[in-house]
């Protein structure tokens, strides 16, 4: 079935679905986990196949780089086909996600060394949970976070960690190569894991990995649910990298100047030391194999 | 002689000197070349040794990372000691600088390949001159420039090149690792060259060099006058890296969050392919030797 | 059972088998896929175990570096033991191969970026299929192919792609380091995948991978069926590298000059970004695991 | 159940268990395989669950970096719970280990090239078995072994190989970077494999791997049973690195001098070319997956 | 003075000059040293400035990538301007070259290790002289030489060394990555040294350097006269890389296939361990400084 | 003049010379600076050319890897030939050395960062002087020193620094890769600098440089007088690496075991960030050029 345009679909779906679509689109809901949970939750009242189809079609078009949301919607549909009620399936998916988050938080906090000094980039709720847990265990000394142009999500991280009493230092993105000398480990979140083990994450992650792993000899870690695997990359499809509004970078550039605003970059697996997942601390080369074991439905009919 | 404090010295020097000091301090005068030329020019009316001494002492305290200014002031003092009039020496220094700039512009434009696509960082008047000259010769296709947080000097570069009809693309600093694929060469300016061949330049230069030279196989070039050699690094003195006002990075950070704002970083010579200087296109390992030949006075009584 | 010498076996096998053996040996049949298909096809009329044993023993001795042929012969034997008719098994194997080829062509063409400029080496029918498919989709701009000494198979690639209207550039093998600047991706085929994820392919592949991945920052891709896994490498057996007739390199060398002619080299997995297989786009570290899933019979009684 | 202190447990266990505990602690029994075999053997007479629990709790506290022993004890316990007699389970485990050792010896000797010149470090019974087998097959030309400070286990290797008529050269650990030019391959044993594919082995292994793989282009191999996987690293627990008595390094250091004596270091998987295991010659990134297949009980209730 | 076209100049110069020009153009005279010596010798009968000017202008147009010839012609002109007779100056230049060659031969043979196994590329008379001298001293065990497509100059090297009783092995260019394991050092000649220390030499040199220095940890040496410095590279002029007749690569390519034939490539100084010059064994970063000391006239009025 | 054997020469020289020769040979005098000073001092009473010739010939044979001693003896001879009295020349040389040492101490202490944590290897009096001076200035926090097998000179360093109240940590040589994480800079001395900028120093220096510079991103510094340049390396002569008594490594090795004991290794310049010399903080690529400027007599008649 060819996908209908969002404008058309919006008129044909339930109010909850439409509103969730709008909120994700405007980034009122953001972060891979929250987007997935909210999109799935909006399906709670669906009962029929056609309704469900339309709703998922609309939701998938809210943002291009969100495989966890797509995997969530797929879960609901495949449970429905197995005869399960949608409401129940939604609840199941929420539990899957919550369990994954808890396991990663636990493993990540365990993995950090004593007196850890961590550098991070952007804002990842998983990373934050790990850091706060580690602080609670008395293991975390300090966090350095890059401001993360163009949307300054690093400031959100700074504020939320500082609120928990964690000493935080902020710098411009390019200054990481200087400030990393004060850290002993790098830790970031993830938006997408591809079938050939690339990490798609906020623009700036690739250079942090490069500097950390190749130049400064500091381990580069990723905290992520295996739910972020993009199964269609197995088929050769490239995970599209969202190019966002240039005004985020420069509001009123002079005429004749082009402004580019790619939202993510792709870090190769060779710069990643370990991946903290719900299924264990592994290397990214084992991500897809572990995802197949834990979430076989992700790989159905891709 | 121990240096007097600026507040004291300001009362003892001529008006021109004091004003120039203030303008450099507030960055109304900026860029290594302009700072050096203006500082030297403000000495034009000095006649006596003591006056000269006080004036140079004040000017040197306007900014910490400006060896070209220091070298300029040293030139005036050594010519004065050789019996030359200060006014004449000032004129000589202006000619030295102008010649150097012209030679670098000429060599740089010659060196760029046909249909050059260049990535640069921050704002360097030398780089701009080379690019405009290359465009005039029909060799320059396109320029990519990073915005250069925290002060966005990349936007100045973008605007000035765009005014000359050169196609310019701007991106956030971290996006260079993606956009560099559209360039075939990197070209930046310099603030300082140390005796062990490090390049001090705007924060972000180090990662551009690393990405360009080590990861993407694209030559990384520096355009610089040999007048930017810092002779006191020969004696083991580290070139101080200016840490600027944190408010440039984050105006009102939450309480408890430290903001760091180093203005420069130090790129190792192994990431630099060639250095375009007034004395020829060389490798940075030959910079100090060439500076000794062309400007022996820089190395007197260091 | 100790293997009989080919000369003896040739007298004891059916005409079709003997002729196929000769054609592979003289390279009238070549390319891993064609060799496997033809060898398997020549078994079509076999009915008894002893016959089958002799035929496969002869065929295996036609060329030393052809695990796909060996895997094909093993398939027939294991199906026979399961009670299947040989003729049927031959047909099944042909389907297995054809499906694999189709899936790789589809995935590879999908994976190539828009306006792709591809560098390749030697002649691989899989690579050719991907490139022609990509051209058909309007995605392929240009192909660079090295001549591939000593047998100039690069010229076959050049001619066949040029026939399809694809712009092709040819250069000597050593010139790849210069011409790769005009490409944005490297793509080669495979003869063997070992259990520790090395790629055996035509001599020259290793240096293309090194230059492409390590020096020029361009992704290095391999298109291959998982049927090319050499299961006996799991047991520590080294995949023998065929040393071919020195006359291919230099017809009449002066007396006293030794001429060496290794036909393949072994590229380490760390220079390979992605492997396009019938089971998905993966990293070579996942090749053996995927082969186990898709073709478990390859690993029986190794 | 919280672990009791050894002093307490020693009074509550059978004599054989207590004695084995003491011998491992004093390093009268050493080497991962021997430690595992002896610890397991000491359980032979246990009959009841509580007894077994106490015995394994004591044994586990004999040395901190011995996952193979822990995995062995776990095997006994899980077989007991399945209803098997302990004596039988002990015998099964001995067979598991013996089979693994035989398979690795066979595969390793097969894998070594003709006229092999091998550099090794420390003393590994697996490595020794491979080398002696290869010598028996006429494939081994020479062995270089580093003395392995602080306990000089390299001398044990030298003596035992020399006894078998193998030419051996010994040098101080730092001289490996010079003597490696006379070798064509590096081969070491293992103490632990982590879930993210790190190799824990005698201090000095990391630098041998680095020099061999990165600087001298010589393959770095590890011979190890998959029984050395540390399953609790999946949960984020760091494999503790034993810090041994400083007197091993310097008997009477001057007052005020701190002596450090870490017994192991952690070699990253990117410096390892191949891992010779009982389940095949693989890359370390496949170690955990292969261990899961062969020894699923290792991963129960971790 | 703008350069006249060769066709015009040929009619205005002496027969010897014209013939030499033709022989260099047709590569009847080749090799940087021979080209320089013959070009200079052809000036022997010149007496007047205008004649000399025309002759040198013609000769310089015989081949684009020959700075040693250009430097030779410059020597004659500058000696003439100092009042020396041309015939005398020609003799002086011959002595300069002969001395340089002798010194390099001596230093190179001294530098090679005992029982040296050397890999080389293409045909360099300097390299050959060093190897024959080393053989005479009983130090040279074996030489490996790549065939050097497209003109197979490696075969000339093979033949000439073999004639002297030196064991020689030949392989295709791409096979160097396999055969280098049998060598312990790489040694090549040079066509050009640039002011930023790049080595221009026969296509294939860059990959030999890369493989040798970066991957196999074998020192990469260059034997060259400092007379091969290209002084105009100081001014930013790129040393043109001759693109030769595509028929050398492929005589009759199919229509639509482009054949590229760059004759040289540019090896970066970071892959070169040592440079054996008439002024000593140095690093390429010191080449220009040493050339300035030994041949100051090269740098006059560039 | 061909060198006479030491046994013969000992009978023909003054008692002071003979005794000094013996003390150097037995390593009762050691360290490049002390050896040079004592050898030169022993010439104090020489008056005639023949005497001087014999004495220097004997002394040069005391140890093979001591260019600073050779350069010192050369200084005396060349001053003698210029008509200076030997006693005076000896005094001059002592002043040259003392000045060099003072300047390096001063520059080195200035160069170290605040709160420096330094890792060093072996025992270098220059390094010790720098560290003690830095401690005196309140800049040095901690020193890590490797024991330096086989002769444990690291313990001398540990003891002497600890005596000055500096916190010192000692570890086996191989443990540097773990303990370097606690340092922020590496600093070693030098025995020889070659004409192609290699550093010869105690075995173990090469791996410290590699680990420090390439893997851990920590600057690797060398403190050395330019008097340690080996001028005969310019002529292609390899600086012989002393192979010392195997008993230093293993007193009673089993029969059939070869023990190798190279005393030095050669660190390539690409692992060295800066060289602290009497003539300034430079890169090793500038060492020979600076030595020529400061000590031109070293290069006379090499």
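We just call them A, B, C, D, E and F in the order they show up, numbering each chain from 1.
Quick note on the criterion: a residue touches a chain if its C-beta (ideal position, glycine included) is under 8 Å from a C-beta of that chain, and two chains touch if they have at least 3 such contacts.
Just so it is clear, the structure is predicted and the values come from calculations on it, not from any experiment.
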If a chain touches subunit C and subunit F alike, it appears here: A, B, D, E
C-alpha-based rotation, subunit D on subunit E, 0 to 180 degrees, nearest 5: 180
Counterpart interface for B-F, drawn from B-E, C-E or D-E and sharing over half of its contact pairs: B-E
Shared interface numbering between subunit E and subunit C [over half = same, under half = different]: same
Higher-contact pair (C-beta pairs counted), A-F versus A-B: A-B
CA centroid of subunit B to CA centroid of subunit D, Å: 57
Rounded Å distance, subunit C centre to subunit D centre (Cα mean): 38
Interface hub residues of subunit A, defined as touching at least two other chains: 215, 270, 285, 289
Contacting chain pairs - touch in the sense defined above: A-B, A-C, A-D, A-F, B-C, B-E, B-F, C-D, C-E, D-E, D-F, E-F
Contact footprint of subunit C on subunit D as seen in their complex: 106-111, 113, 270, 273-276, 280-283, 285-286, 289
For the subunit A and subunit F complex, residues of the former touching the latter: 181, 184, 215-217
Touching residues on subunit C, where the partner in the complex is subunit E: 147, 149-150, 155, 158-159, 162-163, 165, 167-179, 203-204, 206-207, 210-211, 214-215, 249-250, 253-262, 265
Residue ranges of subunit B in contact with subunit F within the complex: 195-197, 233-238, 268-270, 285, 288-289
